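Two complexes follow with chain A in common, the first pairing it with chain B and the second with chain C.
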Partner chain A sequence: MSSAVSALGGARYEGYVRVEEQGLRGMITLRGDLNSAKMKKAVLDVTGVKLPKQREILHEGDKAVAWMSPDELLVMVPYDAVSETLASLEKALKGNHFLAVIVSDARAVFCLSGDDVREIVAKLCPVDMAPTTFAPGQIRRTRMAQIAAAFWMTSEKQIEIVCFRSVAQYAFDLLKDAAEPRGEVGAFL
Partner chain B sequence: MSTRLATGGRLVNKARAMEFTFNGKRLRGFEGDTLASALLANDQMLVGRSFKYHRPRGIVASGAEEPNALVNMGREETFEPNQRATTTELFDGLRATSQNHFPSLEFDVGAINSKLARFLPAGFYYKMFIHPRPLWKHVYEPFIRKSAGLGKAPRDRDQDKYEHLYAFYDVVVIGGGIAGLLAAKAAGEAGVKVLLMEQTAHWGGRALVDTGTVNQMPVDKFVDETVSTLADMPNVTMRLRMMGAGVYDHGYLLGYERVSDHSPSKNTPRHRLWRIRAKQIVTATGAIERPLSFAGNDIPGVMLASAVRDYVANYGVSIGDRTVVVTNNDDAYQTAIAMKNAGLDVPLIVDARANGGGALAQEARDMGIRVENGKGISKVKGGKRVTGVAICSQAGEGMPLEEVACDVVAMSGGWSPVVHLWSHCGGKLIWDEAQAMFRPDPEKAPTGAQGEGFVSVAGSANGAMDLADIVSDAVSAGRAAAKETGGKPKTTKAPEASSPKMAAMEPIWLMPQGANIKLRSKSWLDYQNDVKVSDVQLAAREGFESVEHAKRYTTLGMATDQGKLSNINGLAILSDALNQPIPQTGTTTFRPPYTPISMAAIAGEARGPIFQPLRRTPMHDWHEENGAYWEPVGQWRRPYCFRKTPGEDIETAVKREINQTRSSLGLLDASTLGKLIVKGPDAGKFLDMLYTNMMSTLKPGRCRYGLMCNENGFLTDDGVVARIDEDTFLCHTTTGGADSIHAHMEDWLQCEWWDWKVYVANVTEQYAQVAVVGPNARKTLEKLTKDDLSAEAIPFMAWQDIQFGDINARVYRISFSGELSYEIAVPASQGRAFWDQLLEAGAEFGVMPYGTEALHVMRAEKGFIMIGDETDGTVIPQDLGLDWAISKKKEDYLGKRAQTRSHMSDSNRWKLVGLETVDGSVLPDGAYCTAEGTNENGQRNVQGRVTSTYYSPTLDRGIAMGLIKHGPDRMGEVLEFPKTDGTVIKAKIVNPVFYDSEGEKQNV
Partner chain C sequence: MLILECPCCGVTGEETEFAGGGEAHLKRFGPGSSDDEFHTYLFAKENPKGVHFERWRHANGCGKWFLAARNTMTLEVYGTYSAQTYEPPQDIKDKISAKVPGWSWREFS
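After this line comes the complex of A and B, so read on.
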């Protein structure tokens, strides 16, 4: 898909934390009965990832599944594999009441990297970013300043953030502002 | 005169001098100075003029309670008024100017008010300016506004950066004095997560200046030891220069961190607002010394006794050579002793207590200081500076017994615990008779969600005035708070402290107790707002008995210091005037913030480009590069029209866009339209309830226009619904309705019809949507695909998946313009690529991107309604002649019952018609159609109004839609629409469909 571009074309800022817009990522909103055996099996068979529990995100290679609400998951796969994944999910769940739609193009993804990534999020989101409370393997859906956002840690020094595509520039500018050198707080040392 | 001493000053670094200016005068201070200490070191005692009488005012205090030393700081984009010199740390290049004087600080014309003080008592403004009524608005108010206010408002945009930080702790301790340190340590040792904040730049608080030992160590050594222990505890966060600004419900707490006020630099955030959630809050906020009320207690050189010794001990600054101490307690003796130790003269200690003081008094006497018991100050001598005091008997009326020359008066009326943060969220106070103070009532703490107290108090803020009591109180407060949050406190003994034993204080609210009116009218309570003892007494006589009323009448405690020094003295005077005990009078309400915080800190990052999110479609950049004249639509920006050249006026552009679209080809970026996927076995049933018309009968592959109402029957949204398959629908909403209709659907599904099998997903942003419109629309698209786009393959109101090169698109054959039109949804990531392809393919047809205004005009020419124009939340579909879109077959839909109410089905409701001006001109938007006669208010009766009005390039005349009483029955009738300029436009009622009423053009 040569003509597909992400919202900010990989914009990047080096502050006391690096802020980088990621390229396109395949995403599927999957709603259904998360307790059903069929759903668990379908997610595992199609993505190779186990069904996450509340506020969890599980990764397996280049795929991930995140818990979004008691009846909603976010399935992440490489951008080019999203149609195929959707078709497989639909096949695996046929006969059940569910909804699966591609939302890859509705999103922008950012990656924060550096020692103080927690702090950048703590400046913008009303979330306890203390290592004892939030760690890799968890996801939060919340508010980032004035927009909706979700984020998780891929390592102790990396956080990925998703928001809506239309506000990608605002999100980038927010993160950039928060990451400007001399803004270090040292709150999570 | 005040000056820097040769020795002393534990906070200043004399190796590092700093230059600053005050009123343009170049002055020198040291690193570690506050602006106040640096001014005093330069003999700049006079710092401002008072608010009402323009009396000369000097520095009174050494901390956050300072009422007088408010200055303008910086200039241009760093200018800020009302900055407290006592809490402003000195930095190189600081610029400060004094406030509230004209033409200069030394010579002020407004000081005449002081001579007129007799005529400017409490309530003067209320009494004087209430009659005659009309004069208030035009004469009095502009004059008073001009003379009111201390600092100037900034003129330039603030250049600095501000930010927020969200933080979560088990225990937050506010105040880094000895009590705060020990409370934090006790909580930290219990293993819970602790934040300790201190508003100044130093740990240790007052204890470092005062006399005492802890664990047989001097206090400073003990503080250092405790600070380093805390710093090593990984579960304790310590922040200096951070004030606990406010305590709110559910353990919400604002911490105001002044990150770089002390060393300004462009890129460092100036202030950071910590938005904290705390399970337990311990306020160790200390106590504030009270002034005494005697005549002339506002003359520069009269200061709080504690402040006088603070300046010596902390900054090595003496306020003057000869200090008279006046007190009702033992604590102030420490000031006399400190002055003597610094080699300065203390000619007299005036102790108002008949029996005098205890151990400290003896120590002072032993040092050779003269102490007079049972005496008071009758009057302070001096104008811009104290020159002496007249001594009298405290029990008398003020007859001077002798005069003592001095240049400093150090006063102490006892101490008031800082109970502000305890009180913000509802903590109650009790009156402590013995210490004459309000202190927190431990039985009535602010309560959390479970009814449990979530604030406790430690140290002198809790009324513990003796060092040993402070230490043990702090340790137990810290332990208790930690225990509440699941910690395991140590049970070891608290540190042992000792300090000189103090004799009992004696409440003195007026000095001398029988002061005559002349003295009382020179005895200040509130320095900043110029309220005197006589004013409060007058208020009481005039019937302002409630403390809240007296406060507002006299303005006591209403200035920027919120009465930190004046409140208790004021209400004691009020109680005395009302002849009732102090607790019966009570206090006024303590409200956050503790001291004023910057507006910019509250705004945080939300300024400049990130003031608000701006939503951009995938084609936004193209629009920007091609002359888009933007219109805000929700948080989106949509092109209103595109200007071909920068000079093109927007009317011409709109006309050009419409003409070209109707005659050949137009493109509209419709990406902002809401798109909701509704899926499930009950999706049809669900949509039948949400829309007024029948959706469940729609065939897959087809589209239907639908209306949505709320439960009250009012039209809230409209759009085209496409059935994707048996179980799946795509609902288009208006741009502004995308999120609210999504929420509306979830609301009904989650709260009412939770057993219906339906899922909804908002896919608005997944797609870029382009309307390809005009007679050449099909020809253009056919160039881009091999798929069949014929009327047979995709008839009007049908949809089809079509491949355009590498782009998977869904093409909806719908029209909001009346032309042949395809609305094409492509993945947002390919939106710009698709748009570029359309521009290229359409070039031969003169493709014309158009904006929202052309869209509006074209829909109005077709008589299509617009949510928000024809509707305003009070309009039902029946008003708009949309009865055809209301199913008669359905048993129910949201709004159905409401629409049968008598008022809704009343034939007198205003109904939609077209309006055609007789002279072809354009009706003003929102113009009313007048009827005969007037209503009970003498206003002209009306019978309708204009809802949409445009110049139609297609018809070359003004067209409009409006809601008119009995409109559809009055076709051809000419109505009158008065304009705001007094002229009247006549318009004829016509069919609202002005263009192609047969719909032939869209259906080819």
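After this line comes the complex of A and C, so read on.
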């Protein structure tokens, strides 16, 4: 059997911030009524993470749950645990109207780390990256140049970005270009 | 450049994050309607200089549809509201009346 690989095999670029393609990450798209008690309980029981509020992302150890839209969550778990998590979610939500699908291999994850990570995103996305407007704990789905992407900050010096796997190379090239040395603007330092 | 606020996810984003979906508050005439009704539904769209109501989709965000009241001349956005409504909410109508006295758009004014 073939073994799973991530889109760019962990490609990495050292600019004035580091751009790194992350390895495989287990992801499940979960749709349903996010206000229902059953959904809240299922998410908490299966992942150990509380159901996030609007535009929030919550982490708990190696797991995370992100609010994607009024009826959609993104559940992130270690790659190997994804089928098991899906099975538990399906069991916990049995009888409810919901949809849960593994999307791990349809996504690419990038990590930016460095002092000026906000700036890299600000160069590519139409988003106000001022610390007063966007802070760790929030998730933002938006457009990164010509592709759809979502990102969140795990700390002041680290941003994680997810996009479709099919455009992983494009996304990496964009980030790499934005992180090129001597391209510093210093708007958020 | 339009700045719209998506009422579904609360994000305030600029135009390129959204996709325009044509006129809002359309009454659909499908199978069983007369040719004239269908023709009007399909082709006779408003194209005003001034107050306009449109459908928008937060295409690069939460993916939901919503409606927006805006001015095609000044590009001012009066407000955005849920797509699950038959007419613009009163507060948005009041806001438009304050800026553009005597406005009307299809059956609304």
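Heads up, the rule we're going with is that the second predicted complex is superposed on the first by the 187 of 189 C-alpha atoms of A that agree within 3 Å, B and C clash if a C-alpha of one lies under 4 Å from a C-alpha of the other, contacts with A are read in each partner's own complex, and residues count from 1 in each chain.
As a convention for this text, contacts are C-beta pairs under 8 Å (C-beta built on N, C-alpha and C of every residue); 3 or more make two chains touch, one makes a residue touch a chain.
Bear in mind that the values here come from a model prediction, so they are computed numbers and not experimental data.
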item	value
Touched partner set for A:Gln54, first chain B, second chain C, both or neither	second
Touched partner set for A:Pro126, first chain B, second chain C, both or neither	both
More chain A residues in contact [chain B versus chain C]	B
Which of chain B and chain C A:Arg141 touches, first, second, both or neither	second
Touching partner for A:Ser69 - first (chain B), second (chain C), both, neither	second
Contacts of A:His97 with chain B and chain C, given as first, second, both or neither	first
Intersection of chain A interface sets (partners chain B, chain C)	126-127
Residues of chain C that touch chain A when the two form their complex	8-11, 13-14, 16-17, 59-64
Chain B residues touching chain A - in the complex, by the definition given at the top	161, 163-168, 193, 237, 265, 267-269, 272, 275, 277, 605-606, 609-610, 612-618, 635-636, 677, 679-681, 757, 759-761, 763-767, 805-807, 827-830, 832-834
Chain A - residues contacting chain C, complex	54-55, 68-70, 72, 126-127, 140-143, 148
Residues of chain A defined as touching chain B within the complex	1-7, 24, 29, 31-32, 71, 97-99, 101-107, 119, 122-130, 132-133, 145-147, 164-170, 173-174, 177-178, 180-183, 185, 187
